[in-house]
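Can you keep this structure in mind? I'll have questions shortly.
Chain lettering (A, B, C, D, E, F, G and H) follows the sequence in which the chains are written, and residue indices restart at 1 in each chain.
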Amino acid sequence: MSDFYSRLNKDDAVVLLVDHQTGLISGLVRDYGVDEFKNNVLALAKTAKFFDLPVILTTSFENGPNGPLMQELVELFPDAPKIDRPGQINAWDNEDFVKVIEETGKKQLIIAGVVTDVCVAFPALSAVNAGYEVFVATDASGTFSKQVADAALTRMAHSGVQLMNWFSIACELQRDWRNDVEGFGALLSSQLPGYQNLIGSYTGAQRDLSKQTN
Amino acid sequence: MSDFYSRLNKDDAVVLLVDHQTGLISGLVRDYGVDEFKNNVLALAKTAKFFDLPVILTTSFENGPNGPLMQELVELFPDAPKIDRPGQINAWDNEDFVKVIEETGKKQLIIAGVVTDVCVAFPALSAVNAGYEVFVATDASGTFSKQVADAALTRMAHSGVQLMNWFSIACELQRDWRNDVEGFGALLSSQLPGYQNLIGSYTGAQRDLSKQTN
Amino acid sequence: MSDFYSRLNKDDAVVLLVDHQTGLISGLVRDYGVDEFKNNVLALAKTAKFFDLPVILTTSFENGPNGPLMQELVELFPDAPKIDRPGQINAWDNEDFVKVIEETGKKQLIIAGVVTDVCVAFPALSAVNAGYEVFVATDASGTFSKQVADAALTRMAHSGVQLMNWFSIACELQRDWRNDVEGFGALLSSQLPGYQNLIGSYTGAQRDLSKQTN
Amino acid sequence: MSDFYSRLNKDDAVVLLVDHQTGLISGLVRDYGVDEFKNNVLALAKTAKFFDLPVILTTSFENGPNGPLMQELVELFPDAPKIDRPGQINAWDNEDFVKVIEETGKKQLIIAGVVTDVCVAFPALSAVNAGYEVFVATDASGTFSKQVADAALTRMAHSGVQLMNWFSIACELQRDWRNDVEGFGALLSSQLPGYQNLIGSYTGAQRDLSKQTN
Amino acid sequence: MSDFYSRLNKDDAVVLLVDHQTGLISGLVRDYGVDEFKNNVLALAKTAKFFDLPVILTTSFENGPNGPLMQELVELFPDAPKIDRPGQINAWDNEDFVKVIEETGKKQLIIAGVVTDVCVAFPALSAVNAGYEVFVATDASGTFSKQVADAALTRMAHSGVQLMNWFSIACELQRDWRNDVEGFGALLSSQLPGYQNLIGSYTGAQRDLSKQTN
Amino acid sequence: MSDFYSRLNKDDAVVLLVDHQTGLISGLVRDYGVDEFKNNVLALAKTAKFFDLPVILTTSFENGPNGPLMQELVELFPDAPKIDRPGQINAWDNEDFVKVIEETGKKQLIIAGVVTDVCVAFPALSAVNAGYEVFVATDASGTFSKQVADAALTRMAHSGVQLMNWFSIACELQRDWRNDVEGFGALLSSQLPGYQNLIGSYTGAQRDLSKQTN
Amino acid sequence: MSDFYSRLNKDDAVVLLVDHQTGLISGLVRDYGVDEFKNNVLALAKTAKFFDLPVILTTSFENGPNGPLMQELVELFPDAPKIDRPGQINAWDNEDFVKVIEETGKKQLIIAGVVTDVCVAFPALSAVNAGYEVFVATDASGTFSKQVADAALTRMAHSGVQLMNWFSIACELQRDWRNDVEGFGALLSSQLPGYQNLIGSYTGAQRDLSKQTN
Amino acid sequence: MSDFYSRLNKDDAVVLLVDHQTGLISGLVRDYGVDEFKNNVLALAKTAKFFDLPVILTTSFENGPNGPLMQELVELFPDAPKIDRPGQINAWDNEDFVKVIEETGKKQLIIAGVVTDVCVAFPALSAVNAGYEVFVATDASGTFSKQVADAALTRMAHSGVQLMNWFSIACELQRDWRNDVEGFGALLSSQLPGYQNLIGSYTGAQRDLSKQTN
């Protein structure tokens, strides 16, 4: 049995979205294309929504250059706890943040944020030490460069953080398509243009044949 | 005066969308990321819509592996002429296609399509020879690789095709923000996450100050 | 002695090909060139064939947008067990799949599939936990991007999965060229154009000299 | 009318394959992946075959380190003139080579070879000066690096050579799918794994529906 | 004599800095690293200062998401004309902008800006048509991606715009080191860390020997 | 609790800058752009200064081709111990170097240098074995290529070195913005053009509104 | 103390050069440029020579397409044991190879070869299991692609192989420049053009000053 | 007949090597790997030597940070005119430089240098205007980045400069292998490791067969 592997479970998981603020994304994130990054963040958010996972939002100095939380996240999670940290860089240093996590009673943390090497890595490492199973959504987390991201991901991986992407997180939570084929297909289609094209082609092919057979 | 430069004018321009079909995009386009490419194509389409330009759609064998036209384009342009070519690879070889262009009475053609080296380059070069001013939306056109795209774009540039991207096309058509500040801002914001972030931060900053001053 | 290294052995190994379906490859795989990826998958398949390893095929929703299994795999392994999963995303959750593995009595699993972060990583990690020695054929497995692949490969490596490529798998199984020089040479030549060129040049050089000496 | 554009016509075209020798490919070509390059060269060759274009082969020092012509080309064109140049680097300096071209009576030359900056560029530029319309199949031509290829392609483009890729050459020669839908589809499918996947998915979708409707 | 080449002359040149605004740089520029881009823009600005060239600043909607002009430019050129365009996207459409250029009496325009495909390309092409010699400082101009930049630069080059970088502009204006060795050396050293290192090593070597000889 | 994670603490940390000499940077560092690398090194140095951490400088053969220490480091740390090693490649082999570290009484070492695989990796690995907690500032360390850096960083990570970048080091030391909002903001702004732009835009937005409300 | 780190020592080390054969390099190595790779291999070889380390050469089927050992290696090590393996792919399976290693009595193995994933990884992993300390010279080892190399290096690193490059190996063996300043400088200069340039500039600077002072 | 193409002729050509100085290469060249660049420069120099072309050397401030000319060039061309420019940046502004060119009576200039955008582009463009046929050896010319090189090469190509690489220059000068098969083969082999490997394999293959037939 590997010490480094545990399996995500939708009943045990909570999603932490850390500092996805307009200024930070605009000014600092350079390891993903802008279209790709926005889609990835929304994909993770919609995944959380689809599985009804508890979501906890946190920001650092919204009233300043870092900018407000992405508007789409505000709208997707109007009732989620949102911890506006008055100064702590590592969200884990904010007692309210840790407390709302504890109150969920969950032991699996899915974390994404901006920037990867700070806003993600710091609470992720703290959470491992606090006994949580930690999963980082690497492609919904951005930073200055691929080189900076690689260093941060290596640091986390060696400490037991499990590196995943939003799609594998969604699939692991879903477990079986039959739990909701249509809903899950709609989720993928809305955030994966590649998958949307497949569905378009398949539907088209059926329509063609259906014309021919009539 | 350069022979190679003319200025796009919203009263003189028509948009040709060639073979943006789900199968072709999925199976053949590899010079743009999937998120980026979808956003670019929709951006060009919405630009055409915003400026009320005549749009002409054409497809190659929708009833087959190439797949149907992207659903979003169908929905955006329900009344646009749509030429389903029965076999001609170069859309310019299809008389109906040329005829609907001629009927617009416009002399500036904005072309995008899949794949760049065939579905875009062939009609673009034919149109130059037919006396049109031709503008290719390079980033709403995709193909097998960067190397293939570069060869095709070079071939077109040397024949007088003007290489643009959807954003510069939109800006050249708009000419002056004052023609419709809100509308144009909304167009950019919807397709440029980078611009959307700027607006988010600006609005946030105003909200902050407004709180302070009250 | 390293806990992370064990040596592939053709008497102990079984090959699991997971979801190499036309739609998934076409719509989702972007971390390998299309020519390269097809050649890699066929290379792994022919390697399995050459060594007479048990092969187990599995698919996810062949009757849908994911598309059918690559035709070449169907033809290469007409008698292999093929588990069409009715919904389970992690193939290890499908009891039939695990059962046909167990029935082989082998303890070394060679896994490849589409996409790496889900269809490969999930059963690979489950198999490690079930006590198998797991080898992933990284270059016969594809996914959305190099960044996504890197995260998934890191996750697997830290849990004890051994990362290999089809060529090193073939070489490890072969052990000694003398076991079948011609057969093994033909296998490499058919899937490695670089090696085929070497053989072409060598044969040419011999022919030249042979002409000169006669 | 552009001076830089003319349209390929299967009745006017001849294909020149220059020095696709095993040693040169193996030792010198680094601007394309090995799988991709082999597939591209065969694709151009099969295109020539499919359209029954005259093909002229030429080599430089086959009896030496450069190695023999790729075996597949020998087999595809057993009756094609093959000019083994005794020393001329620019094939156009070889009178026999020019003579067999002249004897075809064609005015459009499609050229590919190894290496791009010499074996392709030299005869291409000579042919332009001799009054031919010259089309270079860029992706069936290889050389030391992308930077070297870019310089050579720029030099050719400024002298009137038209840069194309094998796929656009095939499409320009075909003009209309209806000239031979099945044959042309088979050509594309055999050399474009991306297109092969589309056909696989389409066929699969039809089979599915056909099952459902029976 | 080439129609496409003319030589920069410090007595004939004026520098146009178009829309180097904090928001646009932050939100849109992705074809240069952030450190590199800032250094390049300042380098061009300091070059203009060093040669006492007339500098004309212009902005688009400073009072909004585009943000204010980079503070360093404001400070470097407190007395330069600064045209805050009320809406014109192409600065050449603003009569005041053209007028201040005309008033300089210069015929060589050095242009840089954000983004390359719009704020640079539009006035550059207009200026060529108006009879100016136009030089674009490519590396002090930024945009969405390398692909977008390439298309825009190709379009400009074919229309007679001369593509340069800040360093070659500085060198062409300087003509001869002896015009001011120390001043020019200081300019290069302040913006080229690579050159600064050379000077550091040279000075160090001299110090070493000087110690030895004493 | 992870064995691979410990948290930087400004009371426990000392910074070791190893061989940031003009010749070595100029001649050997190729895994970072020159502007980016200079900015990163200065950023780490200013971070050390800001937090008043003890800094230890060391050089290898300043009186020779390696060149003198970067002048900016000399000026930033006029009173720091500077160990000019007479020959030892691994700084840890120099007793004076180890002694000044020991005399600080700190247990956390932040190391950066040129080149990563030697001047950083050797003392970092020695320090781990000597019982220190070691943090490498990867982006203030440079070497021959990305491939060489990756191998060295992998070697260090597997031995317990924690890979960080200057920004995450600064943030970990700061812990809470409220410890000095203005000072920390100035530090970030001076070395992160992306952050500087955010502040510029925010300030601009406030100025705008303030005008409107007056 | 890390289990993953040990320090190279010139009295304990032996160098194994595995299958650096002309055909394999030419046909298969694509993760390094050809100039760079040749220089790296010779650099490692000259390092071994400089430190008088025992060197063991081995080849796989020299009499065939793989080609002979690089001529430079033959000339550098005329008296080294050279094990021409009759068929074993993993050199460790060849008893003679293991025997000559054992006869050196050394416990540290420095391994390089072609291809990394087979000819290097297999004996490296076997040697770890046999109790040796194993160091792979990553940049003197080549293979099909960066992706294949990364998988192989990850596999080795997790099993305890230490990843180094030829330069860090040379530096670790040298320990102190004073052991032979001129000899070591000459070694670096001959294989590192970057270092050679530094020496050229330094010598030039001294010459300059010396002229001035006379 | 193209205005942009003329053919190099060894009786008409002279080689200009501009500012290949150790400091400039070390501090500024970043668009080629260091091994590759050194090999390219030497290859061009040896090509000039092999064809007995007149070579003209020039430097800018050898007595300073730019450093002396590469020592290998000094040794290869002890009798070549060497113009040490006292200040002119564009070598064409130096009357002595132009005069030694004129004295050769040649009309074809092959130019290479550091940096491409200044030391190469300036005299190349001046020479075109002075009526020379100008060929730039792109891969023996280096500069700050690929982007800077691309802009400079585009500028030159549009003015009639022909872009070549050292290998195509050598081949164009050689015209026919039979002019000196051994000499030309030795030239290629010494600077092209890829070609050297081919010769190694071919010689090996002959040796093998020769053993078998005896």
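The rule is short, and it goes like this: a residue touches a chain if its C-beta (ideal position, glycine included) is under 8 Å from a C-beta of that chain, and two chains touch if they have at least 3 such contacts.
These figures come from a predicted structure and were not determined experimentally.
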- Count of contact steps on the shortest path from chain B to chain F: 1
- Determine which of the two chain pairs, F-H or E-F, is joined by the larger number of C-beta pairs in contact. E-F
- Sharing over half of the contact pairs with B-D by residue number is what counts; pick that pair out of B-F, F-G or E-G. F-G
- Task: Quick one: report the Å distance separating chain D from chain H, using the average Cα coordinate of each chain.
- Result: 31
- Mind checking the centre-to-centre distance between chain C and chain E? Centres are C-alpha means, answer in whole Å. 53
- Message: Need the CA-centroid distance for the pair chain A / chain D, whole Å please.
- Response: 47
- Return the residues of chain B touching two or more other chains; collapse runs of consecutive numbers into ranges. 23, 26-27, 30, 33-34, 64-65, 67, 145, 154, 158, 192, 194, 197-198, 201-202, 205, 208
- Note on the structure: Full set of chain pairs in contact is A-B, A-C, A-D, A-E, A-F, B-C, B-D, B-E, B-F, C-D, C-G, C-H, D-G, D-H, E-F, E-G, E-H, F-G, F-H, G-H
- Message: For a test of understanding, state which residues of chain B touch chain A in their complex under the given definition.
- Response: 22-23, 25-26, 33-39, 62-65, 67-68, 70-71, 192-194, 196-198, 200-201, 203-205, 207-208, 211
- Query: Which of the residues in chain H end up touching chain F in this complex?
  - Reply: 26-27, 30, 33-34, 145
- Taking the complex as given, what residues does chain B use to touch chain D? 23-24, 26-28, 30, 60-61, 64-67, 86-90, 93, 115, 117-118, 121-122, 125-126, 128-129, 144-145, 147-148, 150-152, 154-155, 158-160
- Enumerate the contact residues on chain A facing chain D in the complex. 198, 201-202, 205-206, 208-210, 213
- Query: Tell me, which parts of chain D touch chain B in their complex?
  - Reply: 1-2, 4-5, 7, 31-32, 138-139, 146, 150, 153-154, 157-158, 162-165, 167-168, 171-172, 174-179, 181, 192, 194-195, 197-199, 201-202
